[in-house]
Each structure stands twice: as C-alpha cells, then as structure tokens.
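In the two complexes that follow, chain A is the common piece, with chain B as its partner first and chain C second.
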Partner chain A sequence: MIKALERFIIEVLLWVTTPDDINALWAQSPRNTAILIGALIATSGALLGTFLLLRRMALVTDAISHSVLLGIVVTFLLITLVLDREFDYSSPLLLIGSALAGVGTVFLTEWLFQSGLIKQDAALGLAFPFLFAIGVILISRYADNVHLDIDAVYVGEIGLASSNTNSHCLTNCEPITITPDDPRAITVRRCMNCAAENLYPRDPRAEFEEFCGNCGTYTPSEAVRAEAQGIPIYDDNEERPTFVYWPKSITIMGLIMLLNLSFVLLFYKELQLTAFDAALASTLGFRPNLLLYVLLFLVSITAVGAFDAVGAVLVVAFFIIPPAAAYLLTDRLYQMLLIAPIIGVFATSTGIDLARGQFLGVFSVNRLLEALDDIVGLGGYTEWNVSISASMVMMMSFCFIVAWIASPRYGLLATLIRRWYQHRQFAEQLLLGHLYNHQHMESMADECSINTLPMHLNWSQHQVERIIRNLRSRHWIEIRGEQVMLTDSGEQHLLLFRQQLMQK
Partner chain B sequence: MQETAALHVEDLTVAYNSRPVLWDVDLTIPEGVLAAIIGPNGAGKSTLIKAVLGLIPRAAGTVSFYGKPYQKARELIGYVPQRGSVDWDFPTTVLDVVMMGCYGKLGWIKRPGQRERKMALEALEHVGIADLAHRQISQLSGGQQQRTFLARALVQDAQIYFMDEPFAAVDAVTERAIIALLRELRSRNKTVIVVHHDLQTVTEYFDYIALLNVEIIASGPTTEVFTADNLRLTYGGRVSFMEDRQVVLAGGD
Partner chain C sequence: MMWYSDRRFWGIVAFTLFLNIAFIPFSSWVLNAEYQYTLRIVTVGGALLGIVSGILGSFAVLRQQSLIGDTVAHAALPGVAIAFLIAGRALEWLLVGAAIAGWVGVWMLNAILRTTRIKQDAAMGVVLVSWFGFGVALLSYIQRRPDAGQAGIDKFIFGQAAAIVRQDVNLIAIVGAFIVLILLLFWKELKLITFDYEFAAVNGFRVRILDTLLATLIVIAIVLGLQLAGVILMVGLLIAPSVAARQWTNHLEQMTILSALFGAFAGTVGAVISALDVGLPTGPLIIVVAFGVVLLSITFAPSRGVIWASWQQRRDRRRFAAQNILQDVYRYGQSHHDFQKPVETAFLIGLRGRTAQAGLHQLEKQGFVKRLDDASWVLTHEGLQKAQNFEESQQLWETYHLYREALDLPDVQQEHHANIHDVLAPEFIQRLERLQKGDTNDQSA
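Up next, the complex of A and B:
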C-alpha cells in the first residue's frame, strides 16, 4: 500500500521532471533527504508538542520515546520469530505496535499514580526506564544482528535515510530470462576436479566443464544488481530498466505529518479547550481523556517514525524546543502552531550544515579548527563532522535562546528594558510627588533645592541631576535659582499618574 | 417536588482510597433559586459539585437535573470552575475563552463563527469587560478573570449553573457585579448553585443553602436553615467564633 502511494507520487512528479532528477533529488542526495525528513519530523513534532507543552506534559514525550524502543523490539521479535516474516523498518505493523507501547507507558504511569502511593513525576520516572530496560535487554539478547544497535537508539542515523529506499521500476520492467541458447548467454568454464585433487587450473590434469554463467530469470532490480557485480545480462545496445529509488522514511514521515496536521486542524477547538480547561471540556460532553490518549498515540507514532532518523532521546527536542520558543514569541495558540513548525524546519535545514561546521553561513567551525591547529596543533584534525540530528537540536536550542533573549514581549532584553524604564519612571514620579507635597510650604526652600534633594531622597547627586534633566526636558519642572518647582503640566501629569495607580 | 427540582442528589458517596469525602449526601435544590453550599475547609464542597457533574467518580448514589440523568441534561448545565484551576498564561484571548462556552452546543469539529463571536461579545458587554475582549488572558486581574469565566457561563446559556467559589479573592466592585449578575440569572428562572466561603454575606446573597461537612447537616431556605445550631454542627469546635458571627447575623436580620 505504501509502495502504491510512492508510485503515485512518482507518477505525478514525472509530469514535471525525469527519473534521473528524482533520484538526484533524494536517493543520491543524503543531504536533501536528511533535510526533508528532518523538516517532516520537526513539523509533526511541533504540532503535537505545542499541546503537550501547554498541558505541562513535555516530559511525557521523553517517556514515550523511550518505551517505544520496547515496542519496536517486541514487534520485531513478533514479526521475525512468530510470523516468520522479514523485518521491515517501515512496516505499518511496527508503527502501530510501538505506538501502543508508548501509550502503554502513559497508562502504566497513570495506574501507578492512581495507586495513591507515588506522585505523578515519580510514576513517570519509574515507568519508562523499566520499559526501556526491557527493550535494551531484548535487543542485546535477541536482536543484536539487526541494525537496532544501542548507538542508533540515542541519536539515530538521519544521514543514512537516503540509502534505505524502495525501488520503483518505470521502463523495461519485464523479468528477463536467459536460456543457454540465448545470444546473451555467456559460456563459462569451470574446473571440476581442482578443489578435490588440489590442482591449479593450469595443471594438465585439470578437467573442465562448460556451463552458462548468466542463465536464469532475473527481476529488473536483480538484473541491474547482477550487472553492477560484473555479470552481463543485457546486450550492449539493449535498453536497461529505469528505476526511481524512493527513501522509505520520506513516505512514512510524510504520512505521519499529514496525520498529525489533519488531527490538529480537525480538532483544534477541542484540543484548545481540553488543554485550557479539561473540567469544562468534560461537562460540555467532550472527552478530554479520549482526546489526550489519541494525542499521545500520535506522539508515539511520530516517535517511532522518527526513531530511525533521530533516535529515542533527541526526538524529544523536536517535540518541545520549537513550541517552547514559539511560546515566547506569541500569545495566540494558532500563531504558536504556525511559528513552532517554522522554527523546527529552519533549525533542521540549517542544522545539517552545522554538522559540517557551517553555522548559518556566517561562521565556519572548520576555519576555527584550522586556526587552532596552527596555534596549538590539533594534529591536523580540522574536519568538523558530527552527528546531524544532534546539530539540528543545537540549532533548535539556538533558536530558543534567541527567542528567550530577544522576544519582543517576554524576552530577557524586553523584560530588562521594561524594568529599567519602570524604575526610571518611578523615580521621576517620586521626585514629582516630593515637589508636590512640599510646594507652597515653609520647608520648601530646604526640601526642594537642587543641593538638598539628594539628601532628602537619599539619592546620589548624579541620579538627582539626571532625573531633573529628564523632567525639565518634558517641561514638568522648572528651576528658579536653586529652587526646583513643579510646573502646571507637571502637576497635571502627577495627578493623572496617581489616579491610574489608584484604579489598579 | 422531585420532578421539578433543578438538582436532585440521592445517597451520593465519594471516596478517595476508601476514605469518604462525601458520605451519603441527599440534596434537593428547587428551580429558580440562588443556592449556596457552605461548610468548613475540607468539607467536600468542591468535591460535591465535581461529583455531581461526573468529573470525579462516585462510589454510590444518583444525580438528576430536572428529573433527567446527567448525560441527557448536559445542555442544561453550566459550570464555572475555580479561577485557579486553569493556566492563565495559556496563549489565548479573553474573547476566545468566552467563546469556549458555546463549544458544547457546536459539538465535535464544528468551528465557532460570527454568531458565536457576537454572543461572546454580548456576554462580555454584560459582565462589563467588553473592552478587554482581545486582551491576552495573562494580563487580567483576579476580578477580570472571574468576569471572563462568568461571561463564558452566560454564553453557555444553561438552566442550572454550578460555580466554584466565584467570590474568592475578588475586589468589592467585582463582588457586587457578580452578585447582580447571579440575581439577574435567578430572575430569568435559572438555578445557580455556588460554593461559598463567606458566612457574612450568606443571608444577603442566597435564598437557599446546604450546610455540608462530609455529610449534609441541613439544607433548605436560608431563613430556616441558617441558624446558630446548624452552623455549630457544621463547623464543629469553632463555636465561639461562630457565636460572634451569629450576633452580627442576628442584628442583620
């Protein structure tokens, strides 16, 4: 079914492009494939992660992505040992089996919590390492030979995604049969007694037999593979089959992304309501728990789909960091759902260059290493080539830090500026208030002269001068001799400010 | 009585780990009253509302609204949870929160449109914060938060309202506004059931009360039930404090 879908997509693409171009775009370009898959994972993750973040369930993704490992191993063992079928990483069976394991973790957590003996976070911390441990044991015991190695569990192999393909034959796809009397048949001689009598083929005692070296029936992909190994199948002028190689992960992650997107679009209202006020949702007849478990099921499916590419640990970042950054940049839910995927896609597409040492095209780690090599000597080790998925997460964290510092409303800078501004404004009001309280009083000359103000307010001379300068430039005060006086507009301003203060 | 009662609760028991929080509660509240549920901290007031609305499991007992079970009476019920029960940093606007009130009538998947928007704006007008419609909810004061919740309840257009401590930590102006609104609801023959803390205002605000301390101590019209003896039974040892109050109350009557 998945192959049929891929075939359909390819047929559509072939209207505008050629098979060679499609192959160049994906199967022969690990970079493009990694960017596309990274972007799909980031989008899928950010859409669901937004709601997890708002429900304060960010760490549930961690639990789910870990226990998904157990699901993968168990499904693997079921497929290979019980059903006796070949294991395929992109099998839908695997997706569903593992996703159930993910949801199972949450059930187990809830059940532990319901027992009333431990708190929710502890229940979570108990449940998933237990399931993860079972997964690790099962891998090392039964599944060592598949590419389920423990390293891949942590960070995945997004750079290799392009090489795991389905092949789609487009032309000359008939199986080829070569019989001994076929003109394409090649006769080969084989020594019959060399092995038994320990002879060299040149030995005169060697006896030979002739047989057809390439006879048999070949599917198109077998034929192409045989030719690649040096066994001639086709005549020189005969047309070879054309193939499009389609990375499996693209289809799987694309489907998962569409599934998540339609879920969020269809149930936006319900997701928003249950995340904000589950009690109201429940009395209105929506099923908050049902919706939550569907959400967690999709999180599990996404984690399994992404497992191959980014592993069980780093995938958490794809769910949480972009929404966390978006949360700082907006205070509308639908904008969060737009911004978070954009941040995710930006981070994945720039992260792949970071893995090779290029930071946003402005900074090269390689050049830094070369310079360091000149100075301290790194033994010629100047090639920065690190995990792609980890670099993608680095870029996400970078985006988050930028948002954290520079977000217009909630950022660190904005907060500091606002606080500094409030501080200054407060000092100004205080001075105005002091003048107001003492004007037309006998003590005015003493209280309100430029020279005595620092003493009365217990401020530094410098501070007083600065504030007086600001207030004068707004014509709220005037200075006669040494005397600081409130102007009419200054008095009005002060009264207005006090009024606002009372209203709050 | 049972047919027309807005709320009828029979033998309701709720337990956490087999420790009863509510014990065999029988309660009937007639239509068109402003009713208060009163009792000390930990008496199970909020729990009663939540159990009645099916938000927490019941160990035993039946509940009916206008003679109908909960599932069939959903449209008749409006719920205003405690202000602190939601995250006010949630990225949404006042108008969006108020519109949530009509989600029940919309049902699954269908989106709110112009009609719902208009209803929500009218409700905001009604509670006096129409100018805050597009404000992010984290910028609201406590009183404004409570008004937002009330506007949402208005949009729900229910027959029977359950409100969990609507007067908790709001300023005097907001309290006036809320009670005016509740009275207006009553005048439209709606039933309002409120979890209430402040004994001082009971006789002024409510015409029907239920005194609760795990069990129902007494329930009925305020004039009959709000007595020193009943309060002493409800609040247990804090008698002297209660007697003080009673003097004030007697004077007020």
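Up next, the complex of A and C:
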C-alpha cells in the first residue's frame, strides 16, 4: 500500500521532472533526505509537543520514547520468531505494536497513580524504567536474533536514511529470463575434479564442465544489481530499466506528519479547550481523556517513525524544545503552532551543517578545535564530524537559548530592560514627589538642595546627579543656585502619574 | 510515639533483613548460583548502590522531584565525554566530569524555572535532552577519533556490570558513606524543606543552598551507579525503593531505613539472578526486582495497600448497608405519603446492589423493618422513628457543611453517618436549626 502511494507521488512528480532529477534530489543526496526527514519529524513533533507542553505532560514523551523500545523488541520477536517473516523498520506492524507500548506506559502510569498510593511524577519514573528494563532484558536474551544496534537505538543515523529505499521501476520492467540457449547467456567452465583430487585448474589432469553462468529469472532491480557486480544480463545496445529510488522514511514520516497535522486541524477547538481547561471541557461534554490518549498514541507513532532516524532519546527534543522556545515567544496558541514547527525546521536544516562543523555559516567548529589543540592538545584530531541528529538537537537548544535571552516579552534582556526602566521611573517619581511635598515649605532649603538630597533620599551623590540630569532634560525640574525646584510641567506630570496610579 | 519505638516497623525491618541475608544461601543451593569473584563484587556493589539511592530517593520522592534524577543522569553525558577527552579512561575523573555536568544541568533547570514561565516538566525535558544531545555529539566526535577505543554510548546507558572491579566497589562504598554522612549532618534541615518548604524559607534556612545540596548528592549517587546500572535504570533505582517504603510507614526515618533495605534487596537479588544465565543484564534485572517490591508493597502494605483498602471498604459498606436501606425505605414511604406502603426487595436491590439483602436482615434483627411476605417490607414504629432522626441529622450535616464558617461553628472531621447530636454541642445545633427554618421561610416567601 505504501509502495502504491510512493508510486503515485512519483507519477505526479514525473509530470514536472525526470527520474534522474528525483534520484539526484533524494536517493543520491543524503543531505537533502536528512533535511527533509528532519523537517518532517520536527513538524510532527512540534505540533503534538505544543499541546503536551500546555498540559504539563512534556516528560511523558520521554517515557513513551523509552518504552517504545520494548514495543519494538516485542514486535520484532513476534515478526521474526512467530510469523517467521523478515523484519523491516518501516513495517506498519512495527508502528502499531510500538505505539501500543507507548500508550501502555501511560496506562501503567495512570494505573499506578489512580491507586492513590503513588504521586504522578513517581508513577512515571517507575513505569518507564521498568518497561525499558524489560526491553533491554529481551534484547540481551535474544541478542543472537535481534539485530538492533543499541547505539542506533539511542542516537539513530539520519544520514543513512537516503540509502534505505524502495525502488520503483519505470520502463523496461519485464523480468528477464536467460536460458542456456539465449544469446546473452555466457558459458563458464568449471573444474570438476579440482576439489576431489586437490588439483589446480591449470593442472593438465583437470577435467572441465561447461555451464551457463548467468541463467535464471531476474527482476529488473536484480538485473541492475547483477550488472553492477559485473555479470552481463543485457545486450550492450539494449535499453536498461529506469528506476526511481525513494527513501522509505520520507513516505512514513510524511504520512505521520499529515496524520498529526490533520488531527490538530480537525480537533483544534477541542485540543485548545482541553489544553487550557480540561475540567471545563469535560463539563461541556467533550472527552478530554479520550482526546489525550489519541494524542499520546500519535506521539508514540511519531516516536517510532522517527526511531531509526534520530533515536529514542533525541526524538524527545523534537517534541519538547521547539514548543518550549515558542512558548517563550508568544501567548497565542495558533502562533505557537506556527512558530514551533518553524523553529524545528530551522534547527534541522542548519543542524546538518553543524554536524560537519559549520555553525550557521559564520563560525567553524574546526577552527575552535584547532585552537583547543594548540592549547590543551587533542592529539591533532581537529575534524568535527559528528552525529547529525545530535547536531540538530544542539541547534534546537541554541534556538531555545536565543528565545530565552532575546524574547521580546519574556526574554532575559527584556526583563532586565524593563526592570531597569521601572527602577529609573521609580527613582524619578520619588524625587519629583519629594520636591512636591516640600515645595513652598520652610524646610525646602534644607530638604531640596543638591547637597542634601543624597542624605534625604539615601542615594549616592552620583545617582542623584544622574536622575536630576534626566529630569532636567525633560524640563520637569530646574536648578536655581543649589536649590532644586519643580517646574509647572513637572508638577503636572507628577499629579497625572499619581492619578493614573490611583486608577490602577 | 517516636519513630524507633514502633514494634511493627522493626518487625518489617527484621523480615526484610532476613530475606536479604537468606537469599544468598538460597540462591547458591536452589538456583545454583556460583559465588565467584565477579558475582561477589557485583552483588556487593548492587547492594551498596541500592542502599545509597534508596536513602536519597526518599527525599526526591517525597518532594515530588522523582524525575530530577532522570534529568541529572542524562545531563551527565557531556561531562563524561569531556572528562574522557581530557583525562582518558580514569573512572574517578569520569565521575567528576559527570558530577559537574549534572550539577550545571540542575543549575540550568533552576534558572529556567526562575526566569521563565516554563513549567517544571518542560524545563526538565529541555535540559535533559539539550545536554544529552551535546553529549552524543561529543561522544561521536570521540568515537571517530583514531585512538577512540570503545567509548560506546551503550555503556553509559546500560552500564557495564561485568567490567566492575574491586576498586569500583570501594569507590561506591566510600562515596556512598560520604553521602549518608552529609544527609545525617543536614537531616533536620532536609526534613524541614521536604515537608514545609515555605516554613523553612520564612524561618531563615538557606533553602536554595539546601536544594542544591540535595541535587548535588543525587547527581553523585546517579553518577556512581552509571557504571553498574546505567542512566535510566539508576532513575528507577532512585524511585522504586522509596515508593515501596512509603507504603509501609508514615515516618521519614522509618521510610529511609526501609528504602535502603529494599534498595539493597533489589541490588542483591538482581545481581545474583543476572549471573544465573548468559544474556541477563544486571541493571535491568535490579529494576525489575525493585518494581516487584513496589507491586508487593502497594498490594499488601497495611493501612495503605490495595488489599487492606478494599477490605476496609467492604467492612464499611456492610456497616452502612443497614443505615442506607433504612433511609431508602423511609424515603420511599415519604414520596408516597404513606409509610405503611410495602417496599419490594427487588426495588431495594436495584437501588443499593447486593448489600441490600444483608442490610435488610440486619434491620429485621434490630426490629426496624417487618417482612410482610416473601418480597416486600414495611417500616416498624421504631424504624420510622430512627429513620426520621437520621434524616434530620443528615439535613443538619448539610447545613453545617454549607454554613460552617458563616455560623462560626467548630470544624469537626466526622463521618456523615454519625449522629450530629453526638458530635456537636446543643447550642451549635440550635443555630443550625434556626438557620434551616429561616431558609425554608425565605424559600416559601
């Protein structure tokens, strides 16, 4: 079914482009494939992660992605040992089996929590190490049968996604059968008594048998593979079949992304309501828990789909970090749903360069390593060539830190500036108020002189001078001799400010 | 009663200790475990680790910060990688690096929580996965170096129990003793911030420093366990024994001791079972045993456990069955304006379920209801009296709950089924009655 879908997409693409171009775009370009798959995972994750973040369940993704390991192992054992079929990462059975394991974690957590004996966080922290431990035991127990690389489980290798393809034959797709009388058949001689009598083929006593070297039925892709190994199948002037190679992960992740997107679009209203007020949603007759479980099921499916690309732990980043960064940038749900995927896609497309040491094209990690090599000594190994998915995560963290520092409303800088401004405003109003309270009084000469103000306000001389300078530049005060006086406009300003303060 | 003068607690302690010690001869006779050098080392290491993480975990679990261990454990990875780059494969330095990185992770977590509106769960997620991503990048850099050897990430995730040697166990023992010592020194303060953080803060305790202290100890414990159990399983080992111990007691001191014992039990048993056959990894087995202890505890623990609770529920249900049925019969008569109208058994069963029969029999014995024929009942005179009193009491309770504060009545924690006249003084009841009459007057007007 998936193959039919791929075929359909390819046919559509062929209206505007050629098979070679499609191959050059994906199968022959690990970089493009990695960016596309990364972007698909980032979008899928960010859409779902936003709602989990708002429901304060972000860590559930961490738990799910760990117990998905158990689901994968169990499905693997079922497929290979019970059904006796070949195992494939993109099998739909695997998707569903692992997704069930993910939802199972949540059920187990809920069950432990519902007993009323265990707090929510502890229940989560109990459930997923347990399921994970079972998964690890199964892997170790059946290590001979399970070709699951533990490193890959944790890290994934998105760079290899382009090499795991489905081939779609476009022309000359008939299988080729070569019989011994076919002109294309090549005759090979085999020494018959070499092994038995321990002879070499050049030995004069060797007897030979003629046989056909390339007889048999070849599917087009087998034929091409055989030719690549130097076994002639086609005549020289015969047309070779044309293929489009389509990375499997693209289809799977694309479908998952569409599924998530349509879920979010279809149930936007319900999701919004349950994210902010689950109690209200349930009074209004919605089913917040059902919706939550569907959401978590989709999270599990996404985690499994992303599993061989980015690994079980790093996929958590795709769910949590972009929504968290978006949460710092906006107050609106629909804006979060737009910003979070954009951050995710930006991070994946720049992360792939970071894996080779290029940070946004402005900074080279290799340089840094060279410098470090001079200082502390790295054994002269200064080439930064690291895991792509980890680099994508690092770019996400970078985006988060930028949002944390520079968010216009909630950022550290904005907070600092706001505080500094409020500080100054408070000081100015205090000084104006002091002048106002003492104007036209006998004590004015003593209270409001430049020299005595620091003592009365308990400020440093320097601070008093600075604030007086600010206020003078706005013509709210004036200085006569040593006396600081309120001007008319200054008085008006102060009264207006006090009025506003009262109204608040 | 002081925590140590509790006989039942010492009974549980003795029993757990007995299981712990008895398991070793049991395993060698029945399971044919051979106590060779490696197994002895791993068993002792597992037990020590269980003790340390059990003690520390009590605080993490009670403060509802169980998952902080998860964050710290993942955040430690870049520290391990950098320490490996600088100092090579020396375990002490890897531990130091991990501890520093984990500590910085906790600091970053607190910074996010303090300066942004991101909640604890997402903040933990961000820190966890950011640091882990950085660590994975560093590890893959190391692995592609020509002199890398095998700095595999799986060792970090799953631990490498087979490679553990005597020095490692010594290290666990020394550092573990150090952790316990610090906990004892700051026991009072830590207990205070665990149960009443605000109170501690207001009274001038340095809560932020104490927070950091606890987090640092958790970092150190987790890093200690990396070698034996690996990251995720250390998280489980931190939580499971404490959750199990929590079911048996309400005292922090008792809980900590039990938690340490449960941890030791899980460590020992897991290590021994893993040695029985090839392909049974130590860390995961320890976790499975610990989870089993949790399940047993939440099932069997007295006064909290599932069995105990359902037994108590049944007892209560039987106790109140009679009262409920009496009320049903009374209300039936009330709604038909005829207390002599017979009520069918089937109707009562429909209302109350299976307890109806038992309730009716009790009432019949007490003389509150009369059996008319096989399937219908009617109230006796005493029964009517009793039901009326009860109904009145119920209404007073309702008013009491609605207007307790307005009427300035004392706050009593009492079950609804109790007669209000036994609980509240007559003057308070008069106030309630006055209010009820006023209410009905208002409604009629």
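Note that in this section the second predicted complex is superposed on the first by the 487 of 504 C-alpha atoms of A that agree within 3 Å, B and C clash if a C-alpha of one lies under 4 Å from a C-alpha of the other, contacts with A are read in each partner's own complex, and residues count from 1 in each chain.
What we mean here is this: a contact is a pair of C-beta atoms (placed from the backbone, for glycine too) under 8 Å apart; a residue touches a chain by one contact, two chains touch by 3 or more.
Owing to the predicted nature of the structure, the values given are computational and were not obtained by experimental measurement.
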{"item": "Joint occupancy of chain A by chain B and chain C, clash or fit", "value": "clash"}
{"item": "Which of chain B and chain C A:286 touches, first, second, both or neither", "value": "first"}
{"item": "Touched partner set for A:189, first chain B, second chain C, both or neither", "value": "neither"}
{"item": "Touched partner set for A:327, first chain B, second chain C, both or neither", "value": "both"}
{"item": "Which superposed partner A:240 touches (first chain B, second chain C, both, neither)", "value": "neither"}
{"item": "Touched partner set for A:336, first chain B, second chain C, both or neither", "value": "first"}
{"item": "Which superposed partner A:475 touches (first chain B, second chain C, both, neither)", "value": "neither"}
{"item": "Partner chain(s) touched by A:272 [first = chain B, second = chain C, both, neither]", "value": "first"}
{"item": "Partner chain(s) touched by A:423 [first = chain B, second = chain C, both, neither]", "value": "neither"}
{"item": "Interface residues of chain A shared between complexes with chain B and chain C", "value": "56, 327"}
{"item": "Interfacial residue positions of chain A with respect to chain B in the complex", "value": "54, 56, 116, 266-270, 272-273, 275-277, 279-286, 327, 330-333, 335-336, 504"}
{"item": "Parts of chain A lying in touch with chain C, wherever the complex brings them together", "value": "53, 56-59, 61-62, 66, 112, 115, 117-122, 124-126, 128-130, 132-134, 136-137, 140-143, 150-151, 154-155, 313-314, 316-317, 319-321, 323-324, 327-328, 355, 376, 378-379, 381, 383-387, 389-394, 396-397, 400, 404, 410, 412, 415"}
{"item": "Complex contact set, residues of chain C against chain A", "value": "61, 64-67, 69-70, 74, 85-86, 112, 115-126, 128-130, 132-134, 136-138, 140-141, 144-147, 152-154, 157-158, 232-233, 235-236, 238-240, 242-243, 246-247, 279-281, 283-285, 287-288, 291, 294, 298, 304-306"}
{"item": "Sites on chain B touched by chain A in the complex", "value": "16-17, 50, 53-55, 74, 77, 79, 81, 85-87, 90-93, 96-97, 100, 103-104, 106-112, 136, 138, 141, 152, 156"}
